[in-house]
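Please find one structure pasted underneath; my questions will follow.
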């Protein structure tokens, strides 16, 4: 399904997704309205100087560069409660699962790189054994993408990692900014249904629109980006250079903050901890929180032995995971070239430079 | 939500034994299902044990798969969760989920000589193989067990090891000589070198501290064992046990899924991040 | 004006003569604006060094890294590390020395005077450059000059300068072995604590509204802590989960660690973390502003530290990093300390 | 490692607790605690059977720790700790939860009281869970004492201690010992001559083989703790060798420098080289360097020229000596509240308004006027003398809140002595009320009123000012309600006694507390009146509170007895609740070193080290350490954290 | 600010130094001076031992108010512990106020062993103050689902 949406109509479409078509009192009672699945829509908004996804409030604007945090948090929130436990002294504990709420979320303005993060996360959480916390959230999420007319960040490099500023991978709907209107294209069935909900707000694209779309896309792809010189050769080269002294050299400034991974649309590592609310009688929750391989203790054994001692080993893990291990397992790079880790690293560690250096290194 | 892979089953502690006391104390626990039955497992697999309010730890199942009534674990006190285990009393209820990881290919080893080499707490992961082999004694040729601790007090499964003697060659050792100890004094790899088990039609299974494994493997290869004949387990830090949390990652493998059992031939191929 | 060549020559000389085993300075990075930390051991690389308004990092952090690394390797340092330090950075070094973190002779301070300017705030700059990526930045009197693909862009320093630099009272590294540039102390563009005062002018409700949102945003990446030279504790007290374990931590210690906060990045835990950090930095933070700069979600962390700094200054006459032998804020007292709040 | 097995014993205290706290519920809630293996309630836990049951329960249930929820730990902590010990477990694993003083007695609402009692008990249970068995610390004792202050209190204490065979160092700031008593004329209630009583004691001090006298000396620094103090004393140079000085007085004759004589309370003058008092001990002149023209023959050097004995040595240097002692008696005495503070009494600016001590010097035979009462302004004999009591005392609004205790008595004494010297004089006494508790005291006052015909006026003086020759004293007689105006020739103010400057200074140096009035604080107002809050430091005399000579001597004797008892032990037991460093967390920042009030921490190889003998366990270090690297044993941060949790559950 | 609630019973943690304020509270007990039961005492050796962490932690764990009470200045059993505390608590108070916590939720007082009545008065006043403010939910840990 390909349509044209006037920019002024974007809030109308959001409203159509959020509100029940009939609405309570307009031919539909409250119970019906509640059971009919509606969307909670999230659009990028500028808050305290940073772009974040926020519940749509009728003033959606899709002129953001890219959000500070990737949209991964919708399916993989920073904090997920698995279950709660209670135990009276001398009795067996009682466990209560906490199931994510059945609520559909539509995330608007997802950039193509972040869209491409989605199938990568899906792989992790469904490969081998399904993580139901992830999948039960994921199945309720639709990603309404926004193609990049020009790379929003000077550190974008999606083209180097098999993506493109106009990729629709992982998205349900792809929108392209044509100046005063959007070219809207449904990618999945969900996407079609969502567009259908917009009904008359959408118009059919003219041939000129199609032409403009093509030009816009072509221009976007042609726009210069940062470049990984040999992405295809990377897995083998990284493997070969595992022991290279370059790693420590390049990572010497790393402070191990993990910003690079927390913000990354594809980093999925987590920690599980028990949070105790009361000691007697015992009550608390088992909670999953984000974690990442850049934290020094991530792999440290209880004995104090740490297989990834030093920032070099940890940078290598991050880069290798993205450009070698994931590739070896799933045939694709885990990095989607969003450039967040490059732009946000407080000490200027730059994955593009790192990959280039290591792949050019003969050792 | 069915199949919640993070939700443990409840199990009751039926038996506790103090194996080793002191700074690195070890206790053995047997647990039984509170309701229904616990999962079946294979030799070498592990389980995530929980103490609610303290957390989870990955622990090797130390009992033979042949035993269905209970599962046995031997846990060294090293930190938060393991300390909580050491405070348990019989009758207390814990959480358990698993089994996780791959297993020793015991079926492929029938008709072979088995050489077990363990150190410290590393006897636990290979104990199910030893006890299974002894239980099915006729399926296997010679069984040799090397095991060493820092001192006589650090030898775990002492009585069980003594009981093995009828069915297996048992070579115990301690790191430093001490009064009343008349078996081998020195590190386990040295004991192995000393007794030099025959590599012919043999499989060597070793488990223990990383530094011990390193030298055991060196020595085994010197004696003539091929990479494919040597098996070990690697224990990277784990949180989920399901190949998702990312921390046991070595190269393309998540050890909790692809491991913990590796032949040296396979392991050599992975980056040395364990 | 500092001639970068002087710094380069000094660095090269020191390395060549073995007077320093490493020079920590700045060099051009690849990701754009930022000059990145450079760890130079080979005299030939001394020419990589740069000095411009994008030299944000407080390099004294790497003295801490170095010490930890050496301790881990059980090595004894052979000769001092030379480090390029701005006014605030040099004060951090003073605090570290005050706290006996290393010895004075272990560090050779190559002071650089900000000469009445300071460093750029990327967040202020970005909108002014319309997404253009500057390839170079330079001081020029009251202006900063940025070179982008679209040409040179001249911006008034005060428009793009980091808040901390606008308010900086001591942009000259008093403690140094060698100093580059002139002492132009007193040329500050804004009154000290100006931003803080603007914020404090609000009522308690407004302050809470603002802070609660800030605390909500924090995702506890701990960048603020990791980038801070004063946060050198091996095991941070508030943090029961990440970084708790050093090789020396015993089972008992792990089992009995105090869980002041949970790992979950919820508001209450974030508050406790950030407030504790502010308390721990009272009298130690030298306002290098790195925490705030590093924070990916713009939590105005510096303001918390600033608040403590101002209290210390106004109520206790205390200046962090003023002298190596000086007292520490919370381990000392004066008879005249305020007690009006005690009822 | 296994779980703690704690027993919780809940006391009803008759109905003292049980009336407002549901003790059964407290016991039940405690039973739900993870570590509690046994609970019991009993009507009087501290009774013989109660205590027995605790001992039995510990044994029967293999308890390793005990919580008794009862009254304040001040009352029975020791009792139950002893029981724990008797039952074979470590006494430091027993703690008290105070649910009486802090709960049942102050909350009438049973529901709320019970809730709070549960929280208190739970917090103590959690604390005990982390208590470690500890042993008291034994420290060897230095058998030697120091007495600071050589007034009657110090003299008495020194003699008593020395007589018990213990070496004493007596440190006096002035050039002679004797203190204030030396300045008194005759003393109530017997009117015996002060110096006649005191001088023999001073001589005895000087001669005593066990006493080492250090006059003109000041304590500079004190380290260590009970049993083992290390004291640095500064001996100021007197520039006169006491062994050579013949007290010939030739030097004063030539000294050109004249300064007010402080010993005579400025009623007359002395030279720069002087002897405070003819029978001074040590018997030697002292050169007052501040008054001297300069120790340089070119400038002056007259005294040196005339001194035949060659006792004068301009090159004498200040000397610092370090002494190890096991106990310290502080007897640094009092001063009078400054007249300048008494605005309503002329603020010290009205001539012939004297303070009590000046009056003592006026009537003293050895005083400036050789015992003749002559008023300073014109050396005439005053005929109308007004004595005003409670000047500066008992005035919480403006001056000292307390009663100086001795003014009633010495005013009566003064009035009598005055009448003895000037039989035709008229003495008036303004008083608020008369406090004459003490053997023979009331009789003494009565006699002054009746026999000596002194006019006692009950009331306050509102104002006094000089009018020509006379001082106009305006007051009210509250008995008659009349305003009174007296034209006096002289006024004597019974000024409040305040701690001497030396007392204030020594409190800082020794780090011993002072009470709200500034006097040295005793450890307990009733039960430990001669001990300071710091172990091994004792108090005697007017430095601790206003008192007269008999009381001073009694307290000095008591302090001496304490010292003797302390120093007769071979070792001392100290509380083991002291700081402990976790070296793995310590970065050696030294902040604890700075914070420690007892100088008990030092840095060694980049780690803090606690001196167990010095640490008092205050915890200032632990609250200062940013890394929780230092904790007070059994009051660790972990324990407090868990107590906070328990209070808020 | 939360709405004041009539039936709201504030939860207060009171850190009392062993020598003065705890003894003062004992005296209040001996004198049977009644005061509200909302403050649960934790006896510490000295106010100098109160780490700002304790205050933050108490609020984090749900305290509606925190009281720190010790010996008057000059009376510290450990000579200067309360001076150190005064400085730390001042900073703590300022920081709490700065982020917008109601200053009346944190109180420090000097109560000597002789001031039983003052102890009761301090607690009474403080409970009143906190009651007026309602539950403290700014720093409190929220146990969410």
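Per-chain residue numbering starts at 1, and chain names A, B, C, D and E are given in the order in which the chains are listed.
Here, a residue touches a chain if its C-beta (ideal position, glycine included) is under 8 Å from a C-beta of that chain, and two chains touch if they have at least 3 such contacts.
All of these numbers come straight from a predicted model, not from anything done at the bench.
Undergrad: Tell me, please, which chain's centre (mean of its C-alpha atoms) is farthest from the centre of chain B?
TA: For chain B, the chain whose C-alpha mean is farthest off is D.
Undergrad: Return the chain pair with more inter-chain C-beta contacts, choosing between B-C and D-E.
TA: Higher contact count goes to D-E.
Undergrad: Mind checking the centre-to-centre distance between chain C and chain D? Centres are C-alpha means, answer in whole Å.
TA: Taking the mean C-alpha position of each chain, the two centres sit 50 Å apart.
Undergrad: Can you work out the whole-Å distance between the CA centroids of chain B and chain D?
TA: It comes to 69 Å between the two C-alpha centres.
Undergrad: Whole-Å distance, chain B centre to chain E centre, using C-alpha means?
TA: Chain centres of chain B and chain E, defined by C-alpha means, are spaced 53 Å apart.
Undergrad: Just the number, please: Cα centre separation of chain A and chain B in whole Å.
TA: The mean C-alpha positions of chain A and chain B differ by 39 Å.
Undergrad: Two-or-more-chain contact residues of chain B, please, as numbers and ranges.
TA: 77-79, 82-83
Undergrad: Note the residues in chain C that touch 2 or more other chains, in rising order.
TA: 237, 245-246, 248-249, 251, 254, 259-260, 262, 266, 330-332
Undergrad: Do you know which chain E residues sit against two or more other chains?
TA: 52-53, 57, 80, 84, 88, 141, 144
Undergrad: Which positions of chain C touch chain B when the two form their complex?
TA: Residue list for chain C touching chain B: 245, 251-252, 254-255, 257.
Undergrad: Any idea which chain D residues touch chain C in the complex?
TA: Touch residues, chain D against chain C: 130, 582, 584-585, 587-595, 603, 606, 624, 626-628, 637-638, 641.
Undergrad: Which positions of chain A touch chain D when the two form their complex?
TA: That would be residues 88-89, 278-282 of chain A.
Undergrad: Along chain D, where are the residues that touch chain B in the complex?
TA: 1-3
Undergrad: Could you please specify the touching residues of chain E with respect to chain C in the complex?
TA: 1, 52-53, 56-57, 60, 73, 80, 83-84, 86-103, 107-110, 122, 125, 138-142, 144
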